[in-house]
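To keep things simple, chains are lettered A, B and C as they appear, and every chain counts its residues starting from 1.
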Amino acid sequence: MDWNVTVGELLRDYREGWTLPGRAYTEPALYEHDVSTFWRKDWIFVAHLCELRQPGDFVAVEVAGDSLLVVRQDGATVAALHNVCPHRGSIVTEQRAGHCRRFVCPYHQWTFDLKGRLRAAPGLDARHDRADLGLRRAHVRELAGLIFVSTAENPTDFGPVAATVGPMLQPQGLAGARIAHSEEYVVEANWKVLWENHAECLHCVSNHPEYVKANFDRFGPNTTPPHVNARIAAIAEANRLRWGGTALEIEQVTTGFPSFPDREEGRWYGCERTALVEGWATESVDGRLVAPYMGEYSSYDVGTLRVRVLPNLWLHGNCDYAVTTALFPDGPTRTRARVTWLVAAAAQEGADYDRERLVAIWKATSEQDWLVCRRQQAGLSSSAYRPGPLSEESEYNVIRFLSWYVKRLGG
Amino acid sequence: MDWNVTVGELLRDYREGWTLPGRAYTEPALYEHDVSTFWRKDWIFVAHLCELRQPGDFVAVEVAGDSLLVVRQDGATVAALHNVCPHRGSIVTEQRAGHCRRFVCPYHQWTFDLKGRLRAAPGLDARHDRADLGLRRAHVRELAGLIFVSTAENPTDFGPVAATVGPMLQPQGLAGARIAHSEEYVVEANWKVLWENHAECLHCVSNHPEYVKANFDRFGPNTTPPHVNARIAAIAEANRLRWGGTALEIEQVTTGFPSFPDREEGRWYGCERTALVEGWATESVDGRLVAPYMGEYSSYDVGTLRVRVLPNLWLHGNCDYAVTTALFPDGPTRTRARVTWLVAAAAQEGADYDRERLVAIWKATSEQDWLVCRRQQAGLSSSAYRPGPLSEESEYNVIRFLSWYVKRLGG
Amino acid sequence: MDWNVTVGELLRDYREGWTLPGRAYTEPALYEHDVSTFWRKDWIFVAHLCELRQPGDFVAVEVAGDSLLVVRQDGATVAALHNVCPHRGSIVTEQRAGHCRRFVCPYHQWTFDLKGRLRAAPGLDARHDRADLGLRRAHVRELAGLIFVSTAENPTDFGPVAATVGPMLQPQGLAGARIAHSEEYVVEANWKVLWENHAECLHCVSNHPEYVKANFDRFGPNTTPPHVNARIAAIAEANRLRWGGTALEIEQVTTGFPSFPDREEGRWYGCERTALVEGWATESVDGRLVAPYMGEYSSYDVGTLRVRVLPNLWLHGNCDYAVTTALFPDGPTRTRARVTWLVAAAAQEGADYDRERLVAIWKATSEQDWLVCRRQQAGLSSSAYRPGPLSEESEYNVIRFLSWYVKRLGG
């Protein structure tokens, strides 16, 4: 099969510290291989728990060609079901989100309960065992208000991400938050291009004027001026006096993202709390709060919590709002990106926050990133592109991402 | 070649009574195989004879990538010609329908008579034999006003369909009718999805509220309540007293479609006259006539004549109008469907019929079907879909269709 | 690989004097083979020198998926650079044309001088040799104001085209001209269809009413009436009295295009000066001049200069204006065609020429050609098309083009 050739060549030609050849981002056969290797094996972030308040609330999401329903069954359980009738293959619902007691396929009224069990099947011959004919289930996990699914038969162990990210994310209060705004972007770029972009801030100064005012991560770990390190240390020390030993402590006291992911240990998630620039209470255009405190936050000296979970989620959590970015591949050169802003459930638009101010910095930053990703994709299809050198100082996480990707490709 | 793999897997995995795997409806290579196995071998309904009243009248139709001209040559003969100039390959005409004495290729004025013979070829070197350079011909057959073509070298025997369908369709008077309305739909579904939909009425009650008021076929053969069978018998008996022994006799006196097609006998067509519900003189929204009587009809007690011819035609003939649906595949996941309403040639719009009333029931029914077909196609591309169980009681004709299809695939 | 099959079949089945089978114009794999065999090997016309007046002026052009920058470095030199950053693969500029002192990649500010040398690379580790990390260069040649590039490692010898076309084109004064108008067309046809169209004028009488009034080439070499040959001879004789022995002499004194290209000698360019019809001072709708004299022209008795350079350029040069047509393939069934009109640099729109009049004849002629090309492409996908016979009298250059093409395919 075609991808054997492509994967074989990638494995043979790959040099750590260099980018991949352009065909890694354009070939349909390799895209199909990516889908089966990553998107139908790994844990995919699909919804926020707060979208599913009542039993019967559901959202539908499309992951690499598979339509999935995520539905709350009762106060404690969320299920993930394939949105495909096991009878003739019809999509069961075309709603993006909704509420129901049972799912009824519009074609022949096969009816499924919220666990996906077949409850009615007009015309079905008696000899068939209805227990075999429910909506196929996917694995589902909840993590501090985030819902992940896996369509693999035997998914990766979710335990490590839960143990690492869970306690740090819990105070953000996502389970009790509400969605204030969301945007769905279609980015004309391979999903890996978006991750490489997210893995470094070397591009930030010239592309993200709003973002770099709030954050320190424009600097590499070895190139940060001493006075900047001193400023970060001072901010972290003030935080530690109040929050030391709790989940609100700023532990990341240097510039530069922590190393992520880890090819050897198979670590595909990362999480850290970082300092914001002095005068910035949150990631906003002017540093001022844009919404009431959310979750367990009661003051603004907590920096920003950053979470990354491969292959499709990153999150920034501030004291007043959180923003999640979920990627969904849609062919070799296209990725849908859903960006969602969450605030405290009690916050009222207009009275407690202004939507424009709330979304300004991350709407700008996201759209700036999609633009540079689209430009990169455009060049990757050139016959003239050859793998380029990555900066160990500033792009070590791109190196790590590609190294992890190639190792996974090789099985 | 790719389709060898796909066809081989389909043949190996197929289980009678179950649907096909999703890739049977999505793979480009299998679509190409379908085109060569069915659409370039079988008889394809392309036009109504009444569209070609005068010698020189023509219609152009596209069948699976091949553009064809159907042209009346004189009072008695219709020819089918490929709409491709044998010189440089230009389309000869871009008109959908028209009238001409000769076809003149717009590129270099090669000129062909209505039989496709080359009559002028500016610049053609004398050494070439013009007899070899006419428009390539396709086989053509007329059946009670319907025109079929086959682009195969040696097409299937048309005799059986002519013998079976011809006498029953003759009284409908299609040859002397006229087209009152037509719609061309683009349905985002594989052509087989449309046939599976047409092969059962299990979906009718919840999807076709107008249609089921006029027809009895919402019931399966073994699940029809006795009082319904008694009603059908009474309607058929009244019809028999008047039309017994003629082509207007309602012979189909039970619910349920007749079995169709027949894999063993290679029967790819079907035809029967069925009862309409009491009070329904025709298939209309309220049961009242929507046009003057057509063909040999002089009363409304004749039920509905139904015709199906694989792979691309179905027809309902009422006492006052007929409606044909012609399918044309346009890629693995797209089918064009042309729906045409015919009335008596003398009927005048406005005076004799209201176009809205005429088309209401079949416009609604067709569009309802395209919606469920599109939903099915959407789910068939899911990695989670597995062949599903078909109902022997209500979907026996889907079983027969798939069985016929798979046998043909296997050659 | 797929194209091996396709190319092998083409080579085996090709008969000189006949067209190619339809799949030569539709198959994606063969298109990729065309790209590597022709478009990434040959000299491609990409810009006019007069678009690059000042050092730092550049234009960007896309050739078969490769984005290229053509930039003037100083008064004497033009360079061609791949518009792809060697770092992460981003397009360096999205401008279609512009002026700059250095190219700065918008992603990470890698900075290149006008020769493509890397001048700054923020974050690049010191161990990398910057000399290896410039913008990749393509070969570039200038020919009497036309700029050609080749992305091949070892391009074809440009000497013969320079020696043949250069002296004849020099008096047109393109280097000192300016662009008065340009159109970019998307033609739904394979690039070879456009060349076959350009290789014969058998189609002219019925498709190009404006063009044939100005030109004699509607006639074939052996079918020109004696009185027409006498008229051409008289026009050429008058020209010779004045311009004999100079580049303005009309040497093509018969009808019919000169033979082009030459498969045996590998000649892929052609150039000749031909007579215009009496009363036509230029190729215009009414024969009157449409702009001031350009280049070295000082009178209208110079006919028209015609240039063809495979695979992507043709040009007509009149005493008052020139028009170039540049082809850029965009998939198996699509070609972009950029048509550009040039006049003397000093000519002022409104005062010295009227843009509508200037472009009328070649805008009409181009659009008429794109229409017949689209029609031909539509028919070439029919399963009924077989190679057709070409006219030795009128289509000898189509025969030569296909013969040249097939020989190149065979390597």
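In the analysis below, contacts are C-beta pairs under 8 Å (C-beta built on N, C-alpha and C of every residue); 3 or more make two chains touch, one makes a residue touch a chain.
These figures come from a predicted structure and were not determined experimentally.
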Equivalent interface positions on chain A and chain C, same or different at half: different
Cα superposition of chain B on its sequence copy chain C - rotation in ° rounded to nearest 5: 120
Centre-to-centre distance between chain C and chain A (centres being mean Cα positions), rounded to whole Å: 49
Where chain C touches two or more other chains, by residue: none
Residue numbers on chain C that touch chain A, as the complex places them: 40, 65-67, 82-92, 94, 106-109, 122-125, 128, 133, 136, 151
Contacting residues of chain A [partner chain C, same complex]: 19, 22, 196, 202-203, 206-207, 220, 372, 375-376, 378-386, 388-389, 391-395
